[in-house]
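After this come two complexes, each holding chain A, first together with chain B and then together with chain C.
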Partner chain A sequence: MKRNHVHVITSQMMDKSFLADVMKMRGGKNVLDCIQCGICAGSCPAAWAMDFTPMQIVRMIHLGMKDTVLSSSTIWICASCYTCTTRCPRGIDIPLLMSALKTTAIREKIPARIEIKPKFHKSFADIVQKYGRIHEPELFLKITNKTDVRALMQNAALGWTLLRKGKLKLKAPKVNQKVQWSSLFANVAKEESK
Partner chain B sequence: MKQEPKIGVYICRCGCDVEGNISATVDVEKVKESAASINGVKIAEVYEYVCSNPGQQMIRDGIKEHGLNRIVVAACSPRMHLETFKRNVKQEGLNPYLLEIANIREQCSWIHDDKKLATFKAIDLVGRAVERARILKPLEEKAVKVNRDALVIGGGIAGINASVELADKGYQVYLVEKGPSIGGHMAQLGKTFPTLDCSSCILTPKMVYVAQHPLIKIISLSEVTKVEGAPGNFKITIRKHPRCVDASKCTACGECAKKCPVTVKNEFEVGLDQRKAIYQPFRQAVPSAYSIDKEHCLYFTKGVCKVCQKFCKANSIDFTQQEETLELNVGAIVVSTGYEILDPMGVKQYSYGLHPDIVTHLQFERLLVQGLHKPSNGEQPKKIAFILCVGSRMVENVNENDYCEYCCNIGCMNAIKEAYVFQKEVPDAEPWVFYTDIRAHGKGYEEFYARLRNHGVRFVRGRAAEVMPHNGHLRVRAADTLLGMPIEEDFDMVVLSSGLVPSSGTENLARMVGIHTGSDGFILERHHKLRPVDTQREGIYACGCALGPKDIRETITESMAVASQVATFLGKGEVSVTPEVAVIDEEKCNGCEECLKICPARAVEKVPSTFRTRMEINPMSCTGCGICVPVCLKDAIDLNHCTEDQLMAQIRGVEVKDDVSPKIVAFIEKNTAYASADLAGQTRAHYGTNIRIISVPSTGRVGFKHLLQAFAHGADGVMFVEGEDSVFTGERLREHVARLKKDLQACGIESLRLVSTTITIPQYPKMVDTFEVFTNRVSKIGPLSSKVRSEIEKKLKKGESK
Partner chain C sequence: MKYAYFPGCSIHTTAQEYGISCNAVSRVLGIELIEIPEWNCCGAMDAVYAYNPLLSISLSARNLALAESMKMDVVTLCSACFFTLSRANKLLHEDSELKGKVDKLLNDAGLQYTGEVKIRHYLDVLLNDVGLENISKNVKVKLDGLKVAPYYGCMLIRPPNIVNFDDPEHPHSLDKIIEAIGGKNVDYIYKTRCCGASLGFTEGEVMMEMTSDLLLEAKNVEADCIAVPCPLCHFNMDAKQRSIESTFDVKIDMPIVFFTQLMGVAFGINPKELALNKNCVSTDKLFKRFHA
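So, the complex of A and B:
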């Protein structure tokens, strides 16, 4: 597990309004109910890859450690499998909170400690916007910086298998009523700019 | 003979001159002047400390020299010195109910800065007190004889010890137990923390003592089905199920059970093994006799067998025994119905029920007593995981109803003890404890915990995430939250420290005896700290886990406390009944039962007669809340010491010509909410002088008529403030207010002019806030138009002339 090296938590790291802001977010209403029991951290199938466990994220929210929370890999790695929330004794909707934190991180332009995940999310959304449907080869090229030969070589065998079984289409997908689709995106963009 | 009221008004400075707590903000001389000018006031005096000896002497002299027959004291809150002043006037031969206190300290001088306005308010408060004093009626406290016997419901350690303590004090005790033997959960335990005494060794001598005590009658296999009467004189109906074995003859030799062909799940061993249809839960059972489980016995289900009868040497088996109904008269009731283990089946991730080696802590106790083995194959386990807080401290769960919000209180110490015993029993044992927080709060607990930490018990701070059968082992996954890393370990057995919930019958029983349960389902005590074993109803007490989860030591403490409370209650031989109760006018009552339906204390009784049925209020049971007064369709009910006239007079007093607006009348419940208002004064919180407080037994006492009276006499808004622990909260209050709002609208008054709120004593800032918010709201709406006011007045007059 990769760790953020925070040596001492100081008041400079604590944003006093962050807790109140989070409590206004989706899924953040009851963060103060958390008793730090750790059932989320123990249940999370992706915890090994995170720099902080979900429980630690909630604790950092309590303390107002805005930058540490928003730059953590945890919020990007969360797979929204909902195991934590199913078991949480205090009814905290952690995946919803994580997605709200992701949105905040993008809006506030805080770089994530893990590059690939935000890039993945962005590329995914871009491709869906472009074609109306996901196009795996393009997604792969986008997240591997197009020229990363090592990554290409590593995944070549898997790509070949998928291609042979017809699971991977090289041709870009098409959807009907493309106009409606793009107007949907335009509306969202308009709403968000407000 | 009706006496001309001669009123004496005594105003306290509460200190010297301008420095005084009251005289600093209130011009007491002005108050005195105004009071003296009121018709009927013979004498008005100002003194530094009216509560002091010379001050009291002054009042006594007044009664002696001027023949005063009503006393008004304008001083601090009645919660401070009401009793002092009552005693004082009683000494001089005046009925203590002819005394009235105007609270001009906590609710006037301490909350206002403006001297002029505060003086105005004080004049108003004193004036209202005088108006009320004028029509106060002398009341006498009645004494009623009590029955000196006590009933204890539930034969666990709480009930057993309460019975022993009471019987040793010389009271006859009836101990009712649902099962075939007393002993409760404590009989199932192996060792007890932190001293590691054997549970049976300290329990069974007590059980034997109970059985042999001449003043204790154990009524086993029985349930209370009806409770009637009033505190001091309860009439109890008990249903006694047949044992089908003559307990006086049975020698408990066990020959019958050996021959019985039916096997059933053994409840005492928490389903770990089987028992027969004729059984004794455990060897040390009291009464020491077998009993037949009618549900499973072949004779009762299929009409054949009777093998036990054939082999019983004592000839004690009697298939003809029938269900009996017993009736008892007792003075007091102790509820000690204990707890049940929360079914961990609802907490799905722990796989309880899917694997026999995943057990609850109570099952593990039995396994330890039987000689530790794995239920699946009988082998000795080497590595056990103890998982704490199963179902406890949860506010939400996927499975509804399978969780509790509170801490089970015993889980931590119990698991630590079990880990210790496990270590003693099994060489190279490896106990692991997965905890959320270790709560070692009792005497010697922390030391016990510390000792175990040094003795190879591994403590992992993290609520276990899941338990999964894996390659013949049980794999526990958790997060070591101190490291922030996931941890996975394989175990031979998993012990779940499941939460404690109230016994399944608690709610029903509480309803039957007329007491309340809290949101957690446990019985609600009268006061969390000061009356921890008293219930909301006089003469009914509770102890042990019926009140909330707790350990044995605390249960014993409570059972002793309960015995002392019962002895105090019964020992006097009679109970004095406060005269501040509701009374029904026989002539007016038409027997519509509205009061019977609404009474929270169940004090209303039906009196059948040949002519017509009418209602009567039992002064022993009545709590004097006054909720029944406004619901009476015939205006037949009145509440002593807060009669219709007295309340109306108090409301009328609001109309004093000062220029504060909007004028708001706050009806405040006299215990909790009033204390909260006092606390606001004590902390020098500030609110406007436009708030005029009238204390009422409960806001349910205030009906539509009173609202109209308030609006007719200058009020622009009315507030209800109810104590959160009072009987008139929640749905009741909401309904009441909704109805009143509708009626107000019908009269052309905006429903926004009425507001209600509930508070606890420390929530006084909320009360002050509500005052402010409501004042703003009413000033936005503006004062009530004089047209509407005169219309209401007309309406009221019409009502009176009727």
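So, the complex of A and C:
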């Protein structure tokens, strides 16, 4: 029988400061409490689409496997359904941890397996900052993969149905600027860049 | 019964039938929903949070500050808004450094939030403020024989340390409302299983796999429709149903209705006021026999 070397861990994969960094993140404070029981992995309705289960991600954090964790598909596929955390006997907020890992991956410009993912979050935030509310057609245009013909066709059909039903508003929403919308969020950006 | 109403973005766009039917039902039940003036995006769960956590929390906090001056409980229809606002509220309570930062941002914009707002889902109001008895009293057309799959999804019930008006594993609030209007709940094992949520934007196939399980199981148990409390679940199951059918080469044809639309039909409200024509999968056959 041959050994599968795909998941062999070497010391080069380990970044000693990563665990400490994660423990400072919101959602990461108690990662060391994990007992690797696997209820998160067994409960996750999207685990089949991930390269590592949430349980494996937590264990890799313990081991300092920063690159593997931040370039995994898991952090982008987690849908934040909270089935895992509801059942976790150690009270680990896995979806919040996944979000924090995403924030780190975005800020450190680590390429996601699916290019569109970081773009989705950035576009959503940009649009909301601009109008105060989300504007679906604009989000859609920004993140549509123009090379996936089948998805384009399906989305065109869907767009037409929604338009016909008056559910797609081409005009952007507007929150009254008198409530100092822009100043509030200009200050958020300043605060974040500190 | 007066509440500060936070509709959320999709109520004005892709989930109009939810907002419209909720207004009609609220009128019958004497619930007064006063829209928070100039509300903004709730903070959009993970969509904004993953890009910029402080932005997401500030978005929530601005809404909470506006609501606080109204001195009423905040009521939302959208499960994701319900969760996002509740999460921000909890983080602001627990994290004094964060609270300090957000307070300063709000103050610079002429707002303040002390942390006193209570955030509730419309289902919670129906069950605990209006009461099942009052709901049954207003039923004019009992939905006799209508087999409904009650779908709760995620953010309405999980995680229980952030949203906690129903049981996270065995919720019952929606089942009780459906019973109260004469419908029959089918035994639906996927009532708390995630639909894939915003993966629809970025991982279309993954979302479609997840949502197709929900739809096919409802068909297996011979439900006439699925009743939902969340615009995002509704979008994936209803608007995307045709794409799912063509992707997996199956025929599903399962009407997906907001529970407020079901209530409206039972209250004898005219279909137009319930926006029954706005659902993507036709509801005509479903409700035909109940309309006068």
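As a working rule, the second predicted complex is superposed on the first by the 177 of 194 C-alpha atoms of A that agree within 3 Å, B and C clash if a C-alpha of one lies under 4 Å from a C-alpha of the other, contacts with A are read in each partner's own complex, and residues count from 1 in each chain.
The rule is short, and it goes like this: contacts are C-beta pairs under 8 Å (C-beta built on N, C-alpha and C of every residue); 3 or more make two chains touch, one makes a residue touch a chain.
Just so you know, these numbers come straight off a predicted model, no measurement behind them.
S.K.: Answer with clash or fit: chain B and chain C placed together on chain A by superposition.
M.R.: They fit: once the shared chain is superposed, the two partners occupy separate space.
S.K.: Specify the partner with more touching residues on chain A, choosing between chain B and chain C.
M.R.: On the superposition, C touches more of the residues of chain A.
S.K.: When the two structures are overlaid on chain A, which partner does A:Phe52 contact: first (chain B), second (chain C), both, or neither?
M.R.: Touch partner of A:Phe52: chain B, not chain C.
S.K.: According to the stated criteria, A:Cys37 is in contact with first (chain B), second (chain C), both, or neither; which is it?
M.R.: first
S.K.: Now for A:Asn176: first (chain B), second (chain C), both, or neither, which partner does it touch?
M.R.: The second partner, chain C, only.
S.K.: Is A:Thr86 in contact with chain B, with chain C, with both, or with neither (first, second, both, neither)?
M.R.: Touch partners of A:Thr86: chain B and chain C.
S.K.: Name the contact category of A:Thr68: first (chain B only), second (chain C only), both, or neither.
M.R.: A:Thr68 sits against neither chain B nor chain C.
S.K.: Could you say whether A:Val128 touches chain B, chain C, both of them, or neither, answering first, second, both or neither?
M.R.: second
S.K.: Would you check which partner chain A:Ala151 touches, where first means chain B only, second means chain C only, and both and neither mean what they say?
M.R.: second
S.K.: Taking the superposition as given, does A:Phe120 touch the first partner, chain B, the second, chain C, both, or neither?
M.R.: second
S.K.: In the superposed model, how near does chain B get to chain C, counting Cα atoms only, in Å?
M.R.: 5
S.K.: Residues of chain A that sit at the chain B interface in one complex and at the chain C interface in the other, please.
M.R.: Looking at chain A, the two contact sets intersect at 86.
S.K.: Going by the contact rule set out above, which residues of chain C touch chain A in the complex?
M.R.: Contacts found on chain C: 9, 12-16, 38-41, 44-55, 58-59, 62, 66, 91, 95, 101, 104-106, 108-111, 154-155, 158-160, 168-169, 192-194, 196-199, 201-204, 206, 209-210, 239-240, 242-243, 246-247, 277-278, 280.
S.K.: Which chain A residues qualify as touching chain C in the complex?
M.R.: Result: residues 26, 45-46, 49, 76-77, 79-83, 85-86, 93, 95, 98-100, 102-103, 106, 114, 116-118, 120-122, 124-125, 128-129, 132-134, 136, 139-140, 143, 150-151, 154, 157-158, 161-162, 165-169, 173, 175-176, 178-181, 183-185, 187-188, 191-192 of chain A touch chain C.
S.K.: What part of chain B is in contact with chain A in the complex they form?
M.R.: Residues 349, 389, 393-398, 403, 436-437, 461-466, 477-481, 484-487.
S.K.: Can you name the residues of chain A that touch chain B in the complex?
M.R.: 1, 33, 35-44, 47-48, 52-53, 55-56, 86-91
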